[in-house]
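Consider the two complexes below, in which chain A is the common component and chain B and chain C are the respective partners.
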Partner chain A sequence: MDFQVVVLAGGNSKNLTPLVSKELPKPLLPVANCPVLNYVLHQLEQSNLKDLIVVVEGEDAALLVGAWISGTFIDRLHVEIAAVPEDIGTAGALRAISHHLTAKDILVVSGDLVSDVPPGALAATHRRHDAAVTTMLCSIPVSGPLESGSSGGKDKAKKLGRYNIIGLDPSKQFLLHIATEIEKDARISKRILHAVGQMEMRSDLMDAHMYAFKRSVLQEVLDIKDTFQSLKEDVLPYLVRSQLKSEALLNRTPQGEENSNEKVSSQNNQAFISRILANASTPSFHGLYSENPDGSSSTRKTHKCCVYIASSSSYCVRLNSIQAFMDINRDVTGDADHLLSPNNIIGPSPKLGTKTTVGPNCRLGEGSEMGDKCQVKRSIIGRHCRIGSHVKAVNSVVMNHVTIGDGCIIQGSVICSNVQLQERVVLKDCQVGAGFVVTAGSEYKAESLAKKEK
Partner chain B sequence: MGAQKKGATARVSEDPEELARHPLQAILLADSFTTKFRPITLERPKVLLPLVNIPMINYTLAWLESAGVEEVFVFCCAHSKQVIDYLESSEWSSQPNFSVTTIESHNSISAGDALRLIYERNVIHGDFVLISGDTVSNMSLTQALQEHKDRRKKDANAIMTMVVKQAKPSPITQQSRLGTDELFMAINPVTKQLLYYEDKAEYSKGFISLDKTLIADNPSVILHNDKQDCYIDICSQEVLSLFTDNFDYQHLRRHFVKGLLVDDIMGYKIFTHEIHSSYAARIDNFRSYDTISKDIIQRWTYPFVPDVLCGSSAIKVERQGTYRASDVTLSRSAQLGSFIFIGQGTKIGNDTKISHSVIGERCTIGSNVTIEGSYIWNNVTIEDGCQLRNAIVCDGVILKSGAVLQPGVILSFKVVVGQQFVVPAYSKVSLLQQPTQQDSDEELEYADSTSGTGELRSDKLNGDIAPDLSETASELGTGGVGYIWKVFEGAYDEEWRHSVAPIPTDKLVKLMLDRDEDEELLTQDGNVISASGELKTDSDGNGSEDDDNEDSRDDYVSFEKEVEATFLRAVHENVKVDLAVLEVNALRLSYNMASVDCGGAIFYSMMKLAVESPHNSASELHRNAADIVTTWQKLLKSFLHDIDEEIEVILKFEEMCLESAKEFAALFPQILHLLYDKEILQEDAILRWADEKEGADESDKVFLKRSEKFIQWLREAEEEEEEEDE
Partner chain C sequence: MDARRMSRAVPRVRQVGFFTPNTPVQQPRPQSAAPSSESPPLSDSPASNSLSPVMIPPPRHLSDNLGGRTAAVPVPGRENSGELPTVGSYNPSESVLWLDSPPRSRIGDEELSEGAESSLGWYRRSNSAKFASSLPSGGFNLSTVKHPESVAAVEAKNPLPGKSEAQKEQASSSKPLKAKTTKAERRALQESQRAAKAASKAEANKSGTAGEAPSSKPMKQPPLKKDGPPVASSIAASERIGVDRSVEKERKKDLPPPRKQFDDESRGGRAKRRSVLNQPEARNRVELFRHLPPHKNGTQLPYLQSKFFELQEKHPAVYKVGLQYLAGDLSGGNARCIAMLQAFQEAIRDYSTPPEKTLSRDLTSKIGGFVSFLIECRPLSMSMGNAIRFLKSRIARLPLTLSESEAKTTLCSDIDRFINEKIVLADKVILRHAATKIRDGDVLLTYGSSCVVEMILLYAHELGKQFRVVVVDSHPMLEGQKLLRRLVVKGLSCIYTQLNAISYVMHEVTRVFLGASSIFSNGTVYSMVGTASVAMVAHAFRVPVLVCCEAYKFHERVQLDSICFNELGDPDAISKVPGRVDVNFLDNLTDKQKENLELLNLKYDATPSDYISVIVTDYGMIPPTSVPVIVREYRKEYLLI
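Then we have the complex of A and B:
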């Protein structure tokens, strides 16, 4: 397939501090002991999409990500790593690497997507319709941020992915309207309604940040609209809005558009009317719409914006908040454990002390040791952790090389790498940044603990 | 009120057997409360107008009877006596299982009044069908009724089920077919609840706004532009009491449905029932009269077609959809085309051609007459050589030989058209004079009081027509009788839309192109190139500014464009400064702008002109600007009354230098100086601008720094002055 994949892996996401750091950029954030980027790359590999550009924000992060990819996916994927400056937005990142894009169609996928929807299906839909853009929509995750948890990331998480208003045509193939996070009433253009007749407005779908673009369209939009920052907020809505009236964007020369309107002569009118009447059922409203009153077809340019709607049973969540991080870790070890790729197999069994119980839906990394009478429920423990006795870990994520003293109780928290929890620490709904030391006996609730940035 | 309603609710929500005991009732509004069928309806109520030679109300009643309705209340207002007389003499008064009761009112002006009156009579005891007497349908009510009842059992607030039908697919035919306004509806696809209804399209608005709670509450909403409202409603009793509660509700759709949807009255809900294969449509205007007549002739409405409805064998259907009564006298050389109806006792002369038309009873049609797509009612005399295209000709009309009716003509009762007279397209001709007082607000479409008096007058007219004859002879040719009604301004555009004549092709194309233009405007909405040249609003969606702001800014953008155009015209045509000032002032008033905005806009136009005039170097540009400022300083000055307005000009200039006319950036201090020299800007304004800018960001101070010298000089000059003063 002549598809080039751009993975927008991001860098140091502010939403995810203190989980991410200079040493651990967002793409390498472990989900069930496996970097989040792995999930996307694995899906791409499964769909036989092997020509990749991974875009990372920041040079240092790019080096780290590059090192990991070459270590893991060598011989399996053809990956280029591109570093772009931070905070230039998704559209900006694409603009920066635009000259690397050569294939006919470009698949853009967010590096923080944990999903079992095959990217190949999206690519196929895109090709089938010869669309300018195809976007993947998935159901808003039920286990999402709204009901579970009460961590600090909640408000942000609530905003994200909520109230996407999406307009679809009756066949659910075309995207007619998209708006995000409306504060006010939704405004729907009547023009597109005229063209389509009926439009289904959905608010239970979300944009999964996986898009297929026609390269020429993408490059021209990025070129002309140099203020566009975000794919989701700017580029996609723009393409959707202008789909019945492409502004000469599509690499077709705007030949005679001006005079064709004037040429409407009365003899052509007749033909025009008869065609309107004959067009009782048209395969696509785009086709009908592009017919011009003067009889020549498609001087009025249209382009198609398509959708691929993932089935409601599929899993599709973006890791863009701490809450999402917790959810994904829970789901990946629980309901959605088919996502764990084969290379994710747990190493040699960790050493467990006597009377220590590890409940279902847990992952223990290789080389970790646990003392006596520990309880681990619905939690993930990374590699080479040392956990003392009488430790209770529930609904938590513990990364690598963490030392946990005796009698600690950890609930709903994230413990980053190299953290040291001294004896009898009690954490509830906390995030502990890498390398932090929590002193003995301290108790925290819903706090974010991290070393001061120098 | 509350108690009554409770009683009603309790009764309806009782078990189905209880419900079944009530006979199914229907309210038939025999008055559409509109004026669209004038002038004909001044003399005869709309429901009695013949539709393929049978009064409209018969179609409605026949359908109600076949659909299982047992009791019909016919509400009559205008010409109520005619309706009552007709019903009493008709077969409907003597049907065994179908009772027709008339309710008469003389002062109702709307459907709302009618329903309030019916509520007072207390005759409706359960769910009822609400329909107007001009509806043709053959749908089966069973399913819709069942759905309605099932919903009621689950949710007592589901008080109404509206019948909708898929309209024709093409965007053009949707509108042109029935001549109705375009309709937008939002329906929940699962529950079929109606969430939004907009029938009088607000043409100025290119978008529909759905309430956000509506979207939040319904994960999926389908917006329809492709549905047609059949105006058949299954209602529960609450509908009547709601009309009584909300005494301001007049129009069924515009007030009642919208009120329920928008105001969320007591949580009442409206649902829709879509019919697919059956027929339902309402005769709302002359265009739908034409369309539905054709549908009837083509038997889409079977079994409600003329030969079945008449019952007897009087009418025979022949090939090509020709309906012919038994005793038609037809000349051998007459040519009858397809899809025509010819009523009893009609005589047709030699070489007459008729196609796609309906001709009533006892008409006399001469030789060499051409009739196409026309509706000729009873007792009409058409003399030799007349030509009729897409016209409606009422009872008793006489067309003298050689008269021509152009498309869209309506001839009301007993009009006489003189010899060789050509009645211009879309004319409405009546023996009655046009009511001088046109409803000021036609949107409301209330039947005004004249419909009552019209009846009286027509009675009088029938008595002594003779005196009128001579007076009006001139208007319809020699020997003609009748007044040609004037088309009111504004209504003229609508004439072709509602006319019986097909929409001319050029109008159709125009309609299509208009829509295109609308779109262009709309696209611009999302993507306005503002006068200052920056690319606007593509990112607006992410909302740095809210909508109100956006609107006013859009206004400003178009205002600025207008000013620029005015200015350029002034320059090219050497318009006097005074005139230009007047024009800009007029613009300012029409856009509701302040004079601050005018100053900015004029200055912007001037500078833009300077940039656009050919120049090779900065100094030439400076000279261009100087020339223009010198020539037009008076124009600019007349909008700069105080310091604030002058500061606005400086800010505007700064904005230009940053965005649209970067060439000026280097010249900023020079131009500033120029403006000072020309006394367009006072030094106070410049200094205050400088002071204001002092506190701004570094990036904002670029131009301040550049003009530092000049400002320094100004300050010193000021101090010197002050010293001198001392």
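Then we have the complex of A and C:
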């Protein structure tokens, strides 16, 4: 279908410390015992997209991700791993691999997207409108833990920042305005407002970070605006802002086409045909705007920025904060369990001690052992964990190779790999970084524990 | 609009609305008495059977009834005598087109004479024979058209028998696995086959080239014909074995396939399994129109979109066009046809023959796949059907010696030529013709948005003629507003009104210009729904009605009503008024109440030729009775382009 897929897997994310580390880059962060990147790749594979470019920040992370992909999707996917330096942003990453892009349209997917929206829908919308950029919007997920949700005030402020202010045209097909942060005042182009006549402002939609770009447009923008760092915050707003006054960058392609038609008569016929086609199709405001007052199509160049709004029944969340991580873990085992790919089957069932209860919506990795009289509710426990007796785990995520001593109580926490919890530790809403050792009898609440960097 | 069901010869007895079974209509049919005795007139049979209050035969017996109906209408047979002399009178208009392509005119003339001759003979025969049963499949015109072609094909085969034999030998020797016989035996077998083939070829040739060729004529007709002479069928059989099968296959391909009847359970199941889109349930659809494919927008669009990457075998360009049809982004006969052809062009450019397959066969099947995909998105218009037929015949006609890239460039340039000659140039010719009919002070009325009519109006305006335009529009498409915008922007003075006010505005109108989706052999104009009403009102007010239509949209089918073949639009489009929140009387019905409601949004209707003064086409301005002449005389030229 002449689409190239770029998966921006990222590398180390500051939002997710201490969960991610050098040994465990963000793409490999396990969600329900399965790296988060797996969800995207699985989704793409199901859509019959087998040639992918996965962009990873940092050489080390790229090696790790590459090893994992080649181990998991041996024959099924044809993946190119591209390592880019850290902190160059999403736009920078695309700029770095720009010379690899050859297809007519580029589908850019964030590697941390956990969603069941078919990427084909976005691509089809993009093609249908012949748009310069199409972005997928989804409704903002229900956030926060189910019970005892006392996320800190700091977290709440962060959540507010995630809201997007999105302006749509009445037919909900075109993107007229997008701002990522709530600012005091929003600047909206008068020209666009004048052309459309009516704009619908939404704050209940979220940019899902899945875009389809026209390759020529994307490359031109990246070339010319070399200060652009982020797709979401720079490139997309720029394209949306300039949709009615596309600058030189977008004019080049049509000129080239015109030059190729040498004969005047054939050019005449082309104009004739294109007029028939244009008159027959439903005009968008772009067409109406680019029309001169006397009706002839003018030199004003426009490009279309379309949206695909995922239906509210579909699941679509980005893993970009610890809260989101908890939510996704909860949903993937609960409501949205169809997302779990078949290669996530639980191995030989873990050994459970006597009188140990495992509630619904739980997931236990292979080779884990649990002592007597444990309680596990709505939690995920990774592989090869050793859990002592009288342990209570609620709403928590325990990764691989964790040792938990007797009598620990874990609530709403994330415990990374190789952590050792000694006896009678009480954790509430904590994140424990990899390899940390929590001493016996300590109690923590809403803290983030991690080993100090050497 | 029952009047369209009456034959032209019948005096105006108009039956509108419902009939009671005990008052059967005995319409005087002075000229077609004989056929009507064999097959009772349409209006009688259902009424007397009291199948339904409206006079529609059940669709399952469609072919029978159609046959009966067409037998009752004396169109082709009766007009024969009146029409054939007019062939000559078209020469001036022919020259209009042939100016563009001078080298072909000679060939065209030759074939024209041949075609005229053969069809003449055929018509003479058909007056006595009972031919009507072949009509619904579009057979009668095809056979006249196909005949000279097949002769040509046979003739073309003859000069190089040696080569084909050599090829065959090669082929047979290259398959050692199959052949268990000895070489000598194979040789003998081949020789005998070759002899049989040559004999049958000669026979076919003789019967084909002989001017009158009465015995070979009937076999060109579809096998539906029952009382053909047995001799002919035996010859046909022998020919079928002997003569190259491709000719026959091609003929089969050219026949429009029988339309799927969507209320037919047995067929529906298979089609459902094969189709890309899942067919929506036929719920709340008007009984009379259940045989039509249901409208697919709305529920199907997201589904198709989500399958985007799974349907790899559909070329992206084709896919895009299909989506645009489905979403309604693209409408209008010409535009849809051009978009489709351009998509095919792109698909052909990207095509590469898979190993062990030949380009012509594989590409034909590929195009067939594209076409069925497009049909699923929206039923094809007649013009598109004609264009597809053209393309397929071009593919079949490709010389085998051509390399793949050459073949592809040939096909692409063919498509370009089709677009340029059949649409662009045709439109330009139509402009010139129609502009002569616009005088200063005229008030022109048009309905909906037809691209040709728009161009005519703009062209006349550019010529400096002083006239006013009345744009009549109707819900739910409101296409007229688009047209209106473009006209007003160019400085034409316009009046805009809705279809229900047509009788008020018709007083001051001096000409009516209408576009058409297709024109059938009996002069019936198939166009956007509402056109028939406009034409009828205009006729009643004695305002001339000019239908502007490119000749490639002409179709050999004979259609008397707009029920057998039509297209259903989105039923929700008529139940909701866009932008009017206060008009929502149908919104809050309960499900049970909704069961009583059937929504009908028809897209097309058929205007009987009585209401049409003249058809402006690229071959000149013709009366509606001359449509079959154009179809007959120019179809082969256009397949040969």
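Following the convention adopted for this analysis, the second predicted complex is superposed on the first by the 398 of 454 C-alpha atoms of A that agree within 3 Å, B and C clash if a C-alpha of one lies under 4 Å from a C-alpha of the other, contacts with A are read in each partner's own complex, and residues count from 1 in each chain.
Convention: contacts are C-beta pairs under 8 Å (C-beta built on N, C-alpha and C of every residue); 3 or more make two chains touch, one makes a residue touch a chain.
Computed from a prediction, not measured in an experiment: that's the story for all the values here.
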{"item": "Touched partner set for A:Asn48, first chain B, second chain C, both or neither", "value": "second"}
{"item": "Partner chain(s) touched by A:Ala123 [first = chain B, second = chain C, both, neither]", "value": "second"}
{"item": "First, second, both or neither for A:Asp331, with chain B first and chain C second", "value": "neither"}
{"item": "Which of chain B and chain C A:Asp2 touches, first, second, both or neither", "value": "second"}
{"item": "Partner chain in contact with A:Asp429 - chain B first, chain C second, else both or neither", "value": "neither"}
{"item": "Comparison of chain B and chain C by chain A residues contacted", "value": "B"}
{"item": "Overlap of the chain B and chain C footprints on chain A, listed as residue numbers", "value": "269, 272-273, 276-277, 279-282, 293"}
{"item": "Touching residues on chain A, where the partner in the complex is chain B", "value": "163, 165, 167, 179-180, 182-191, 193-204, 225, 227-229, 233-234, 237-238, 241-242, 244-245, 261, 264, 266, 269-270, 272-273, 276-277, 279-282, 288, 293"}
{"item": "Complex contact set, residues of chain B against chain A", "value": "168-173, 184, 186, 189, 201, 205-212, 215-216, 218-227, 505-506, 508-509, 512-513, 515, 518-520, 522-523, 526-527, 535, 538-539, 541-543, 546-547"}
{"item": "Contact footprint of chain C on chain A as seen in their complex", "value": "1-3, 47-49, 118-121, 123-125, 127-128, 130, 269, 272-273, 276-277, 279-283, 291, 293-295, 311"}
{"item": "Touching residues on chain C, where the partner in the complex is chain A", "value": "302, 304-310, 312, 316, 319-320, 323-324, 327-332, 334-336, 338-339, 419-420, 423-424, 427, 449, 451, 454, 482, 486, 489-490"}
